[in-house]
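Below, chain A partners chain B and then partners chain C, in two separate complexes.
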Partner chain A sequence: MSESHTPVFRRAVVALAGEPGDERIVRLVSELARPIHGELAAVHVVEVGWSLPLDADIAGRSEEVQRILDNAESVAEESKVRLESVLLQARDVGAALVDEATERQADLLVLGLPYRKRFGGDFAIGRTIPYVLKNAPCAVWVVREPIPEDQP
Partner chain B sequence: MFVLVVGGGKVGYYLSKELIENGYEVVLMEKDRSRADQIADEIGSIVIAHDGCEGKYLGEAGCARADIVAAVTGDDEDNLVICQMAKHHFDVRRTIARVNNPKNEDLFRHLGVDEIISPTRMILGSIEQDIPVHELLHLAALGEGELEIIEAHLQDGSPAVGRTAGDLSMPEGCSLFAIVRDGVATPLRPDITLRVGDKVIAIGPSDCEARLHEQLIGEDPEAVAQGR
Partner chain C sequence: MIGGRRPLRGRKLADRRVRVERPHSPYFRYTGPGQLVAKAAASGPTTPSGRLLARIRGHLFGRPLAMEEEVGERLPKKKALAIFSSDAISSSAYATEEILRVLVLASAGAILVSIEIAVAIALLLAVVAVSYRQICRAYPNGGGAYAVAKENIGGIASLVAAAALLIDYVMTVAVSTASAIAQTYSVIPSLYEIRIEIAVIAIALITIANLRGLRESGNIFAVPTYLFVGLALLMVGLGSVRIATGGAVDIAQPDAVPLGTEGIGLFLLLKAFASGSVALTGTEAIANGVPAFKPPESRNAANTLVAMAVLLAILFIGITVVADGFGILPTTEGGQTVVALVASAVFGASSPLFYAFQASTALILFLAANTSFNAFPRLAALLAEDGYMPRQFSFRGDRLAFSWGIVLLAAIAAALLAAFDGNTTALIPLYAVGVFVTFTLSQSGMIRHWARERGPGWAWRATINAIGGILTLVVLIVVATVKFVDGAYLVVILIPTLVAVMLFIQRQYARSARELAIRPDYVAGPPIREERVIVPVPGINRAVIQAVNVARSIADDVRAVYIFDQPDRVESVRADWERQVPGVSLVVIESPYRALAGPLIAYLDVLDHAWPTDRPEPITFVVIPEYVAKSWWERILYNQSARRLRTLLLGRPHTVVVNVPYRREDPEAFEQARPGAAAGRDTSG
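After this line comes the complex of A and B, so read on.
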């Protein structure tokens, strides 16, 4: 990719779902960001049910959450790209991602999608991706994971 | 302040919208999934697509930490159940119910709903203010609804016409406190003789209505019909 071309993006938000596929999308976006000096923010959203106040301390001290953010930073570092990791608590993951992308004036939002099927065999896309596709102001990339080999 | 609104009709929608604009934390429950999605598209991810009549879903909606629960569905029975559960199961401090059938108002009060809003009663009151009717007009409920302010428009044939306020035999706990004559409101002294066209304002418990009606309007037609 030549730097004389219009860069694919300048500022990207990468959604971390805490799934194995996080590494794949962080690596992919980091590799694209390196030659164009793109800015990266990796966002992990912890959904807080309505029975708790939004500012309830449920994610800040979680080792699992810290591991998700640290892994993303490590992968970006391997690609020699600086990545800002962000932890959010929100009522809805999709809305939080769209808000974050809007606030940061990101021109790209990247999400991973594990290959899953509902009971009955239909492919399950969940509710976050349709929401983001419908509402994000910027470009959205959805990276679907490969179909697992043991999938019937 | 956290407000839980149940019912995503026009009232619930605009109520939630206004509350959000005024900086309140709001969650709206609407059992119809497509309506819930439509509202969420318009005002954001504050909508839970479940039936607020079910305790489990009220709990998930944060009822236990709600400062106010407003049940504004189009169904009085649902609104009563929601307020009852909010009050007695989740210890919500203040419950507000929309009551569509004015005949249900007493039941709601009796069962501990803190505030009832009756659009039917409001519209009826507004109509009655402009059209002379041989009935008592409910102006407002006080406290938790145990007291009411009532207006009586004296017409020809009223037993109160030609008598002084002091001559009237008022039910216990009920008093006449003001009179509107020729558009001027004044305190109602016992020596004022009542005339046709006067509007007499009374305050008293809601169960004294029949006696007030008898004294100011004439015999209660319902009582006559029932042979009382």
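After this line comes the complex of A and C, so read on.
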């Protein structure tokens, strides 16, 4: 796909990390989805440690978690795009995202790559992005957060 | 708001995940800690009939709009001139006729004075326009007469201004619609017979458009004004040329009002001047709408005001001169309007230009009526916010319009039109008084404004407003005097009445606010009063048991009260009660006069009297069991006694009424709530 082409997708899964960059990613994908009437699902995964049962009442009780998805819905609405919000609990975020994309037959999975200012500043690639890149059944976009201007 | 959790399998055994339901999501959105915003679905109907009604409303008025969808558009001068001036400029369509209808009472020579009167009114317009230019500059946030009077004079004066404005807006709708219809039947005379019906339909259509949240900023609203101005200027120009070249001949008018025999005295001249002064209506619209202009708002508004005044003066004097040149007289009831006769004489009775002019005149007059649908509800909302009108007037409807104000305006204007038989001339005496009251109060307020501010040039600015104020006051006195018996007395009575009503409403609100107010240092403590619960029961059934369970969750002191008029059933009811509802005492009251509510309330009074006087009065909860009817006809069959009881108990001191509805869908829940039901399930399982 050349850079000048508008990417085409029917269904996209947007991973929300609860970071400030979520809004930018949802806006970007919404703007792309609008002209092609693409379907969007915003997924936020709450990782549950092995010491708790997987269906423990964690995410449903947290207003903060709900707010992450509500904000995404709100941003998509501004772009006049319908977005389904999905809240998951899983042992591993990467696996849950890949499974959700597989189940929804998504042809695009979008993740954000946040920039951490600590320790001189670097992109926090973590283990989720490499897992998704390796296992996703569809195209994967990693949207890099801009490097703050005050960083060297 | 805790949702369910649905387990889902992953590609690998260890990759299971759980989808957490979000039950709030369709109805609310979290925006902060403990803070929710309701979505449209939260206000949506839940019953089939409600949904049907919402669909009909949606088709008629459009989908509900959120606050953030409000459009705030700044207008360039050309567009603002068209939108804000339609009211003022359209009055040139009937002002000349109103002068002629007075002068026709005298001899033919009196008709010639119409030009001098029109010039005098134009001079008055110039003074008013210059005064209002000052308001544009002093009040960049919009200087309606109410706002100016409230800030600078205060008290009753501002309410007088508000009352006069409200009347003015109603009259604008009535007069403009009546005149628009008159222009229509000037072309199609057969429409005269159904003029009231047409007027009511026109008002209904404007009302629906405004309830849909009509925006006046669209280009479509500029078209009728410029079309009318263009054609009217062409008509005045062609007419003047024909008069100047001697080509103007008196037209034949078989239905002209016969000339009178009255002498042309001062009273007649003043009356003609008062009638023609309706040309000034709508002059204040630009000063009210300064914030809608593009920056620099005040300067653009002031310049637009001058352009509007110049155009209005040219059209008004021009139409009067041409009417005079062609010897045009007003017609008898149902005949052509003076402006239609002028157009017919200049363009030709069957020329396309004549029809185009008549259509544009009707359109600009409807547009003028529409301007009040914007202004009246806004003023009513302002008054409601200040506590002078019922609060409903400040609530916005589904489409962000002040629906109450719109509907009230439409209802009064339609009623006025019907009452005055759709006759413009009959309505005019009611119009001018309110207009000149607002002019005078605005100018008076401005004098105090300049005197208080004392900025550069305050003295000459105050002088301009003083001249305007004195002149409009004189005209007000003239208009009110000479038009008094013709109908102005109604306004003279109505303004103080409206002021009295507004003061009454304000005092009511102020009193209730005082009664409800708490001191800033007050902190709510734990409840210290005792509670008791009374459950009126008609016997034993599921609804009663559910109500008793609710009662037991409120307080320990629960009494069921059974009021009967058939003694033979009492023993069996008591026996069943003790067996089936143990632990709740049953009080039985015989009612030989078959009343239910009276004996119950008397029993509550007795309980109150029996309470020790050294302890604070307890709160009495009256828990009423109710059977929920599914359809409207079922509602007639059930809960009549409960409804009556609830009405009677409303406002009883220290009494709280609790309705406990029993739904048909509840039997399963009822069975599950039965003590021992769970044990029963366990054993069977």
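Some notes on this structure:
What we mean here is this: the second predicted complex is superposed on the first by the 136 of 152 C-alpha atoms of A that agree within 3 Å, B and C clash if a C-alpha of one lies under 4 Å from a C-alpha of the other, contacts with A are read in each partner's own complex, and residues count from 1 in each chain.
Note that a contact is a pair of C-beta atoms (placed from the backbone, for glycine too) under 8 Å apart; a residue touches a chain by one contact, two chains touch by 3 or more.
Since we're looking at a predicted model, the values are computed, not measured.
Partners chain B and chain C fit side by side in the overlay (superposition on chain A). Counting the residues of chain A that each partner touches, chain B and chain C differ, and the larger count belongs to C. In the superposed pair of complexes, A:Q89 makes contact with chain C only, with no contact to chain B.
In the superposed model, A:Q66 lies in contact with chain C only, and not with chain B. Once the two complexes are overlaid on the shared chain, A:L52 sits against chain B while remaining clear of chain C.
Shortest separation of chain B and chain C in the overlay equals 5 Å (C-alpha atoms, whole Å).
Residues 54, 91-92, 95 of chain A touch chain B in one complex and chain C in the other.
Considering their complex, residues 2, 25, 27, 44-46, 48, 59-62, 64-65 of chain B touch chain A. Those residues of chain A that touch chain C in the complex are listed here as 45-46, 54-55, 57, 59-61, 63, 66-67, 69-70, 73-74, 85-92, 95-96, 98-100, 102-103. Looking at the complex, you find that chain A touches chain B at residues 49-54, 91-92, 94-95. Partner chain A is touched in their complex by these residues of chain C: 1-3, 5, 7-8, 10-12, 14-22, 24-25, 29-34.
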